[in-house]
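Have a look at the structure below before the remarks.
Naming follows writing order (A, B and C), and every chain is counted from residue 1.
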Amino acid sequence: MTNPNPVSGSPDKEPATESQAAQNAVGNTDRAATTATAPKRPEGQPRPSLGRLFLDNLWAANTVTVTVLAVVLAMLVGAVLIIVSDPEVLATYSYITARPADAISSSWTVVSEAYANLFKGAIFDPQASGFTASLSPISETLTYTAPLVFTGLAVALAFRGGLFNIGAQGQATIGVILAAVAGFALPLPPVLHLLVALIAGAAGGAIWGFVPGILKARTGAHEVITTIMLNYVAVYFLAWIIIQPGVHSPTRADAISKPVESSAQLPRLLGSDLRVHSGILLAVLATWFTAWLLNRSTVGFELRAVGENPDAARTAGISVTKAYVLVMVISGALAGLGGSNMVLGSTANALTPEVVAQIGFDGILVALLGRLKPWGVLLAALLFGALQAGGNRMQSYSGISLELVTVLQALIVIFVAAPALVKAIFQLRAARAARLQTSLAKGW
Amino acid sequence: MSTIAVPDVAVTVDVGFWTRNRKAGAVLLALGVLAAVLFGALATGQQARFTLSETEGGAALEITGTFGAILFGLVAAAAGGALLAGVPKRWFTLVLGVGLVAFVLSFLCWQVSAAPEGRNFMPLVNIVRGTFILALPLIFGALSGVLCERTGVVNVAIEGQLLMGAFSGALFGSIYQNVWVGLLAAAVGGALISLLLAVFAIRYLVDQVIMGTVLNLFAVGVTGFLYERLMQINAEKYNTAPRFGNWEIPLLKDIPLIGPALFRGNIFLYLGLLLVLVIHLALFRTRWGLRTRSVGEHPTAADTLGVRVLRLRYRNVIMAGLVAGVGGASYTLAFYSFTKNMIGGKGFIALAALIFGRWSPTGALLAALFFGFADQLATYLGAIGSSIPSQFLAMLPYLATILAVAGLVGRVRAPAADGKPYIKG
Amino acid sequence: MEPGEIHALLGENGAGKSTLMNVLYGLYQPDEGEILVDGKPLKLKGPSDAIAAGIGMVHQHFMLVPVFTVAENVMLGAEQVKGGIAGFLDRRRARREVAEVSERYNLRVDPDAVIEDLPVGIQQRVEIVKALTRDVDLLILDEPTAVLTPQETEELLTVMRSLKAGGKSIVFITHKLGEVKAIADRITVIRRGKTVGTASPTASRDELAALMVGRSVRLTVEKQPANPGRPILEVAGLVVDDDRQIRAVDGVDLTVHAGEVLGVAGVQGNGQTELIEAIMGLRPVLAGTVTLDGEAVHGWPTKKVLRAGVGYVPEDRSVDGLVKEFSVAENLVLDIYDRPPFGKGLSLKPDAIAKSAKERIEQFDVRTPSADAAVGTLSGGNQQKVIVARELSRPLKLFIAAQPTRGVDVGSIEFIHSRVIRERDIGTAVMVVSSELDEVIGLADRIAVMYRGRIIGIVGPDTPREEIGLLMAGITPETTDAAAAPAPEGPGNEDEA
């Protein structure tokens, strides 16, 4: 199970994280050593059942270690990118044999400043004074976190039901459209209006999730293909609807819709100066709901059974068709809520072609980093939200492109996906094939 | 598995009157009638001119809008009716093709005739050339997919490979001011993403679809980051790659319509078409192809016969990256400077073309051309002020692919071992 | 191994025969020890080394690419090419080679046929041709008769004899005593990965069986005469297709009474699987009726069939029977999770699930570290016991068990058999489908033999094995006394011949 460590540890400055990693590394070698004495041949291939168990234990015990190491590795690669993309620093490397100190110090300056800004933007700025300024980083982090929780849960839930929902992006897009339209077109009183807008958003996502679900169940069409394709259909639909009369903002020439009424907006939590809004509370609620659904409900039992072994589930009388459709509808609804967050929260209040940003695709990363467990997803979303918030500050203060955050996020997940690689790099133990914890190794 | 017991007395069951061909016929009949009635009603009495040149002038095929729309609609309906009545199996593809083309023509008669006076013509050379140009990245991307997936590695990372290729082509082409260096760098850039896919999918057994998806994001991030850090700051130095010119092929370039459209193109056009041919031949006629296909279908069987499954997979996946990388360069070394996320989903349409083309190089080519045509048509209709929103035409490839995988346009069957990591023993 | 010798490797399922041969074929690496060929040690890094050393193998699960033609499968890995580095395939030559080998050893195959369209017997022939074109001296046949009818088996034995006459050596892996006695020159018996003895083909069946299992085996099941009651399951004119839309069940009529065991015998792939799946609502019924205790149940969803009092042990436990990643406790409620006390409305009651799991683990002697252990970590026998425990823990009218003891250790087999008989004795109608004829004979009160989608005969359990064997091959004696026996007759204590 994930615990809060990676989140607090990751956006930290390098030295701190490294020492933490070293600590973990030490602890881990110990563990590896003690376990290694148990089976006779630690280097060779232990017998499958034993080896499998051994590996599972190691994996379970090391979720935190692996995550932290993955973050460290990703940041190291990021540092290299920062250095090679800075012509001035790169210039010092041309005479590195003559004066190595120059190269090292200039590299250190640029990298440490970038990551310091990342930290200040995401968590806390020691120089900041006053209530608003000191809480601003956290507020930003939570603002970015909220939609990612929803899309992350959407992807994770579908995964547990045996489906790879790459379509969270499209579902969020349809969700944002319906939520926004409900937000500016319906004349409703405050609380009710918000509720209706949220329901509309969830319904939009659910419809967009229903299509691949029913196609998968009825015709066997692979959900990876259909959801990818539906993403683009949604993108073009959004582009079209924004410029339709009744939707398009009458006062603007560019592609932007009318703004959502204030009665349909998610209330802010810490006053109007800080952007954090009640979307984050909804996100926690959604996490709790998903966890209950998966582990404590009969529906969840069905979904998990179908996800792990559809043949056995069918033989035991569980309707695979129903499970596939249901899981995609719920997954779509969650993604739709994530989309709604983008227009009912503080990020934007009107539809534009980029209104949902990348939340659907980031949701895939969040789900994987969260090991497909609802509370894990919440923590992973928090990490990604922090990276986003920090990345903004890094961009404006250090001039390091925000795209670095995308690179970091992808790298973290790549490293987490192959724990054997992380371990090999840190020489914790001989690299050995290990699977991502999904049983989803299948073709179209 | 191969050991399915088949009692040889068993006969294939009769699915009744509604065979797949008949269903297709019914749909086509309905479309044809719809075209004749609706397009016929909407079309104007103006001439619809299809010129064999790039402009309004020159030789042209002309037809009155209303008449053409109704005529071609009826042709489509007739083809549908023929399928419904039941034509021999070998005629199926041809009749269906004729029907669909007639439907498109009916649609065009309506659109062209409804265009404002003076713009009621369609320059076919432009359309054909545009179709091929827009199809180019799809062709390269889909070929990359063929190479990967025929060996049993799912390639969702086509988008990332194209993007990386486009980026490194632009970057190194600019730095060295040499198109060939750029081309080489583009291929290597694509192969880099491929290599990551190969290592994680084959060595570390990470799920291939997940890995592909993550690699796409990775490529977007890296190229976006370096674009902002290098190219945006110093475009002069880092984003002014020289471009390949057009090469005219003697004799062939003078063929009407096809000549100016296809044989005055750039290296990428020729390379793409050549690769389709080469990969097709290699896949179905050579030792490498036989082994590749066997590894994609039944790796254990291949292994027992001494085929090195993993090595072949590595090799093919990396080759796929080289091909896609060149495809990426077809943007930056021929038409545009690099911009952030410039592939914009073409990699996914390439994936669609791969599936639509049933994992075969020639099929992928046809699918890519179909999608390219849809794309070109959207541009054209926008130019003549059509009432059809371009966004809906842009959706066409995606919708077509959904219909294809749902089995409504014929069943598609992936290589049996596609996406399954091979573990010995 | 001597040249021109047929050496049988005899052992129970899971005794290590196939593993040994895979090592010999270079697929697995030996941990220690060495392989001698012509007195010299041989180091095999992979199958290509084995092929080079003249070793060929026909695997239990055929190693054929289903979408390739016969010729393509035969040439794969040893392609004849032309055109220099391009390496174009010389298909004509491959076809000629196939034709030559077919001719020489009388193995008729069409080089241009696509594998997936061929029946199993022919696919096996392709495998043999494939090995022979590689000029092997030693041919390993791993359980070659498991999927064959007695007739096809007879043909295979003829082929083996002609290969032997041609100077090839053959290792013949099997657990069927009759075939060994019919063809082997020398017999090695393996148990738990060790050679436990060699024997000559003149040794008696009982001797060989004892060597194989390690203690004298009881091939019988203790049971009292059946006391059949009213008909519970009635199947009439049932027609069902398999996954490839090919008719698999072609007009089956049968009845199972309360308190009796109906055994369904037959070579695998003659429609048994589809018959049962159709009864369970897992496969569409194209024609005919299925009646459960007077109520027509065809067309019902599986859940409804299960709830109507049917227990079902599917033939492939790892695919259809269990969710391996789920815990033992979860698997024990896989088909009743939404019924009180385990589920109420939408919510699941983990305590009730855990409590009942504990009881049933005890009752059914499931050896597991805990109820929370993933079922996939258990041994085959214990996994099977989990399924049996699940299905027998609720009141049943009909209990259907398909291959209930496949890949299960001897101890678990006895336990499962006794539970099946106990279920019969409390008045449940029981249907056992098995490709192990001994199991069917031991358990059943009546035996229905299936052949090519039809019930070709229904006989009593004291019918001679040979007669049932002929039925399995599709040969009906013109007058079979027991064929039309409406009710079971007497105790079924039939020993193996």
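Throughout what follows, contacts are C-beta pairs under 8 Å (C-beta built on N, C-alpha and C of every residue); 3 or more make two chains touch, one makes a residue touch a chain.
The model shown is predicted, which means the values in this text are computed figures rather than measured ones.
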Pair sharing more residue contacts (C-beta pairs) when B-C is set against A-C: B-C
Label of the chain whose CA centroid is most distant from the centroid of chain B: C
Rounded Å distance, chain A centre to chain B centre (Cα mean): 31
Distance from the mean Cα position of chain C to that of chain B, given in whole angstrom: 46
Whole-Å gap separating chain A and chain C, where each centre is the average of the chain's CA atoms: 47
Of all residues in chain A, the ones touching two or more other chains: none
Shared-contact residues (touching 2 or more other chains) in chain B: 416
Chain A residues touching chain B - in the complex, by the definition given at the top: 81, 85-87, 164, 166, 215, 219-222, 224-226, 228-230, 232-233, 235-237, 239-240, 358, 361, 364-365, 368, 400-401, 403-411, 413-414, 417-418, 420-421, 433-436, 438, 440-444
For the chain B and chain A complex, residues of the former touching the latter: 154, 156, 196, 200, 203-211, 213-215, 217-218, 220-222, 224-230, 234, 340, 345, 348, 351-352, 355, 389, 391-392, 394-395, 398-399, 401-402, 405-408, 414-421, 423
Interface residues, chain B side, partner chain C - complex: 1-13, 15, 282, 285-291, 293-294, 297-298, 300-308, 416, 424-425
Chain A contact footprint on chain C (complex, rising order): 280, 282, 301-307, 312, 314, 319-326, 330, 334-335, 337-338, 343, 345-348, 350, 377
Touching residues on chain C, where the partner in the complex is chain B: 22, 25, 27-28, 46-48, 51, 57, 59, 61-68, 72-73, 75-79, 81, 86-89, 115-120, 123, 130, 147, 241, 244-248, 250, 268-271, 286, 452-453
